[in-house]
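The next part holds the structures, each set out as structure tokens.
Heads up, the next two complexes both have chain A, just with different partners, chain B and then chain C.
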Partner chain A sequence: MRRIIELVRKEFIQTLRDKRMIGLIFVAPLLQLIMLGYAVTTDVKHIALCVWDNDRSRESRELVSKAVVSGYFDDSGTVGSDEEMERAFKSGRSDLVIYFPPEYSKRIKRGEKAKVELIADGSDSNLTNIAFGYMGQIINLENNKLQIENVARLKAAKGAEIKVPLIELKPRVLYNPEMKSANYMIPGEIGLILTLITILLTSMSITKEKESGTIEQLIVSPLRSSEVIIGKTIPFAVIGMLIVLFIITGGIFVFNITLKGNIFTLFFASFLFLLNTLGIGLFISTISKTQQQAMLSSIIFILPSIMISGFAFPVSNMPIEIQWLSYLLPLRYFFIIIRGIFLKGAGFAILWPEMLALFLLGTTVFILAALRFRKKLS
Partner chain B sequence: MQMSVQVNNLVKTFGSFTAVDDITFSVEKGEIFGFIGPNGAGKSTTIRMLCGILDQTSGAGTVEGFSIKDESEKIKSVIGYMSQKFSLYDDLTVEENINFYGGIHGLSRAETKKRKDWILEMAGLRGKEKNITGALSGGWRQRLSLGCAIIHAPKVVFLDEPTAGVDPISRREFWSLIRGLADSGTTIFVTTHYMDEVEFCDRIAMIYKGKIVAMGTPLELKTANKVVNLEMLFVNLIRSME
Partner chain C sequence: MLINRKVIAIAKKEALHVVRDIRSLIIALILPLVFLFIFAYAITLDIDHVKLAVFDQDRTQASRELINAMTASGYFDLAALPGSGKELELGLDMGSIKAGLIIPPGFSRHIARGETNSVQLLVDGTESNSANITLNYASAAIASYTGNIVIAAMNRKGMSLKRDIGFIEAGQMAVYNPSMRSRNFIIPGIIAVIMSIILAILTSLTIVKEREQGTLEQLLVTPATPRDIIIGKMIPYWVIGMADMLMIVLAGTLIFGVPLKGDIFLLFFTSGVFAFCGLGIGLLISSSAANQQLAIQLSVILSVLPGFILSGFLFPIKSMPKVIQAVALILPAKYFLIILRGVFLRGSGWIALAFETITLFGMGVLLVVIAAKRFKRKIG
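Moving on to the complex of A and B:
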């Protein structure tokens, strides 16, 4: 026991004395918190809208002003020809062009079908989809209004009761009603930062001992390899938990995210997840001779696992083979768990399959790494 | 006389390269046994096998009666090892290094404190307890490294080129520390490629390309081969092998 305590103490002193490490541990989560909270947002607002109006009527101006008032579109001026429109797209002045043909207002007044054309840039497919969606809703509302006006006019003229069936859509979003992307991103950041920092710190602290030759002293000491492993992982588990606490606090007090679930469930899940990342870090240290190798191997593992585990891109949209692969990634389960706890207030009763998966994956990785580590020691 | 280290037909190969080629020798308790040879002769490999860092390819050996093959954990409790790199944590202070090595060797806090005083005295580091180890000069690092390697008062100490890269005065001081340890009953197994250090050893084995080419006390070797210094003997032996 004393041997482990001494190892843990040494690890803390070394980590906290190294300025680079301090930067990695405290500045990286802070920067990520700020970036994911403010800068990286999937909320789409301020779509640059150009108007190509060949009708120049009250009706066409009204539709445009409704789009601008909604807040989703910014008035980005007018275009008058194909060439001008192309220039607007190429220069980035315009994301979307709305085209009113001549006779637009006359057709409406005559009670005929009037056409509006939407032309989109399309290079950002996500933005384009959302722009079409918003504009579609605005036009739908306008249609309803026209119908109701029409009916009212008919009613007044004929004095008869006329019924027009209308389906009104009332969407309700349950777990992130403001649809704020920070609500989704910041819980995800816990997974991101824990992966990055604990894998890097663990793998580098062991390879550092290989580089300086001190690993030989550990081997010839009476320390058992299990004691070395425990002594080497406890400090980073503690640091990892502090980071979790830090991000939760920042998310709640700076970004007004509400933690709907239980904070202890969150910590328990984080611990299960740490079992995985520490095991992976340990494993990487058994296949690397230098700190550089350890760092590169860590990045090679971390980047794809962030891409395909559902941090920003939904796993259900991926090819089936990639989805199978993602079942092997602890991050996949952890993202489901933390978002479930944070946004939906889910607990053990709902999240136990994911927690079980984390536990099984984690113990497997940890045991595999420990076995390899033992071999290297003897 | 009881044997502290006993090695029979020890072999270590790395792929097709034979680093240690069928060596047999023994070291008595309390003697300074020098392993002399050029770089790459197989000195470090032999030490690593005896300390349980490397597995041997074939052959057998014992350290303080424990087999190197399957009792390496027991061996670890009776030996001290100082590697070529003076394995210290450069980012820890002198005191932190001593505390750490005391701790992982299972010394209590009180024992560690007692040994710390002794090490600081021995290494001439009193007053430098709070200095960062990485900033110490070679001689100090070397003596601190020795102190950390023997903090648990082991029966056998393995020193792998302990004087490499250290100034002549520090080397001389170091050898008198080693002599003191041997006089108090500790067995010293030391490798070097400095021929002038050979005279400090009770007995030596000359190793070249993984084989022992000569073994005995410095005086025995000189009279048997009719040479005035051992450097001449070593050069002649190597020439005759080429």
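Moving on to the complex of A and C:
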């Protein structure tokens, strides 16, 4: 036990000797959190809307002003021809064009079906989808109003004794009622940053000892190999937990997201997750000869695993094979846990399967890596 | 002269390093394919098949018709018919469903009597974009269902009405990506992301590594000047970056059917220039960082994350706060992405993209010159 403590002390001194390293370990996560927190927003606002109005009526102007008032669209002027529209798209003046045909208002007044065309740039399919979605909602609202008006008019024409049913939809958005993407993204970013920093740090610093030959000194010391492994990983576990504390506080205070669940559950889950990243880091160090190899191997694991474990894109939208693959990735479970705790206030009762998965994956990876590391040492 | 015998000798030596570390080289060349695979197969930004649970307290023909109206759009999949509101909310809590519809008891009776009914839709808002689009589809389905029962009710009273009274129908068209495949939008962007990542991390290590191992001094006592060393060191990595680009272009157009409408020379020229930007950033990091771990963390902060997050690859720049937009302005990847999407999807040419091309060129020159100056001062 004493020997492990000594080794841990040595590791701390070695890691923290370089002042820049301290800055890196504690400033880098915050910098990343701030950059990601502000930049990663899938909320789309200020969609540049151009109007192509061949009707020039009160009704067409009303629909446009409703779009602008909604806050999602910016009035970006008018276009009058195909060429002008194309120029507007290419120059970036317009993301979406709404076209009103000549008879638009007349048809509405007559109670007939009126058509509008929504034409989008489309080269940014994400933005275009969202623009169609928002405009669709505005038109839906307008349709509800028209329906009520039409019914009223018909009733008046036929006499008031007719009753016509209407159905109203009462939506309630759970967990994230303001529908701010930050509430979804920032807990995810904690997972992202933790993964990036702990895997890179662990895999590179152990490989560094191999590169510089100091690992042999550890081998000839009276330390047992299990002690070496524990001693080498404890400092990174401690640093990892400090980073968790840092970015959670940052997320709460800088970005005002509320932590609905229990903070201790969060720390416990983070610890289970660190078991995984440290194990992966250790494993990568056993298969790498140089720091460059360690780093590239880490990157080729980290980036894809971020993408398919649901950081920005829901796993449930992915093909089934990829979903199976994602069951092997600790980040998948951690994203569910951390969002569950932050947004839904979920606890052990709901999140225990994910925690169990993290624990099992983590111990497996860690033990495998430790065995490999021991074999390499002897 | 920019390229002399000494530069070539340094480049050869660096290329030998690269080839000798065969695993690093393979990873550098495989990473673009991994990205292509993930973004072409795994990730669609298109949202459909949202899992819907319906708590039907009415269980009549009318309520079943309403459920049909919801699922007929192809947007919702009926995933469960829970027996209570609690059960429905538990499904949302566990994430097994994303939306829940609650039909009140007496729904059909109200309709028959011509009274206003309200149904409740619970939406999982954790992922705000999906939630927004879900709401849109649900309200459209309900509106069209309501329209139908209104017409039916009116016709029963002897008013022969056509369908779709007083309805605005919105046709949709996407000009430069008519099929609206997110693949077409994502794959050109991968070129910028991969080049940012690979070039910055490979070059950020190159000088620190030599310094750590003490071989930098050996280089400096050779007749090669610092300028020769910098240029010579850049060449092999530039080649790797261009190879990555070429692989993505070939696989993207031939395998994944992404259209390449514009000038291919413009694509190659701007890629070459962008590669210099990436090399410049990497060399700057390399001549500033004390050890390889620092160099890597710096290049993650300065290149990998910005290339991924701030460039507009996945997240629209125009929705970011003004300060972040200002940061994105000095990011070469932002301009390169505009060029890539312009060339691939819109068929834009040199004139349409002149501003971005010139900006990128200026940034490339500036970054390389600054990196070389810094390197010279460090070792001088």
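Basically, the second predicted complex is superposed on the first by the 357 of 378 C-alpha atoms of A that agree within 3 Å, B and C clash if a C-alpha of one lies under 4 Å from a C-alpha of the other, contacts with A are read in each partner's own complex, and residues count from 1 in each chain.
Everything that follows uses one rule, which is that a residue touches a chain if its C-beta (ideal position, glycine included) is under 8 Å from a C-beta of that chain, and two chains touch if they have at least 3 such contacts.
What you see is a predicted model, and the numbers here were worked out from it, not measured in a lab.
> Sharing chain A, do chain B and chain C clash or fit in the superposition?
On the superposed model, which is not a single observed complex, chain B and chain C fit side by side.
> For A:214, is the partner it touches chain B (first), chain C (second), both, or none of the two (neither)?
After superposing on A, A:214 lies in contact with chain B but is clear of chain C.
> Taking C-alpha centres, what angle do chain B and chain C open up at chain A, rounded to the nearest 10 degrees?
Vertex chain A, arms to chain B and chain C: 90 degrees.
> For A:18, using the defined touch cut-off, is the partner it touches chain B, chain C, both, or neither? Pick first, second, both or neither.
A:18 contacts both chain B and chain C.
> Just checking: does A:255 make contact with chain B only, chain C only, both, or neither of them? Give me first, second, both or neither.
Neither partner.
> Using the superposition described at the top, determine whether chain B or chain C touches more residues of chain A.
C
> Could you look at A:6 and tell me whether it touches chain B, chain C, both or neither (first, second, both, neither)?
Only chain B is touched by A:6; chain C is not.
> Can A:222 be said to touch chain B (first), chain C (second), both, or neither?
After superposing on A, A:222 lies in contact with chain B but is clear of chain C.
> Does the superposition put A:135 against chain B (first), chain C (second), both, or neither?
second
> With both complexes overlaid on chain A, what's the closest CA-to-CA approach of chain B to chain C, in Å?
Nearest C-alpha pair, chain B versus chain C: 11 Å apart.
> Quick check on my understanding: which residues of chain A belong to both its chain B contact set and its chain C contact set?
18
> Taking the touch rule as given, give the residues of chain C at its contact with chain A in the complex, in rising order.
My answer: residues 21, 23-24, 27-28, 30-31, 34-35, 38-39, 41-47, 49, 51, 66, 89, 92-95, 98, 110-133, 135-136, 138-140, 142-143, 145-147, 149-150, 153-154, 157, 159, 162, 164-178, 180-182, 184-185, 197, 201-202, 205, 209, 290-294, 296-298, 300-301, 304-306, 309-310, 314-316, 318-321, 323-324, 328, 341-342, 345-346, 348, 352.
> Chain C touches which residues of chain A in the complex?
18, 20-21, 24, 28, 31-32, 35-36, 38-46, 63, 86, 89-90, 108, 111-130, 132-137, 139-144, 146-147, 149-151, 154, 158, 162-177, 179-181, 183-184, 196-197, 200-201, 204-205, 208, 290-293, 295-297, 299-300, 303-304, 307-308, 312-314, 316-319, 322, 336, 339-340, 343-344, 346, 350
> Hey, which residues of chain A end up touching chain B in the complex?
2-3, 5-7, 9-10, 13-14, 17-18, 212-214, 216-223, 378
> Using the touch rule from the top, collect the residues of chain B that touch chain A in their complex.
48, 51-53, 55, 72-73, 76-77, 79-81, 83-85, 87-92, 96, 99-106, 108, 148-149
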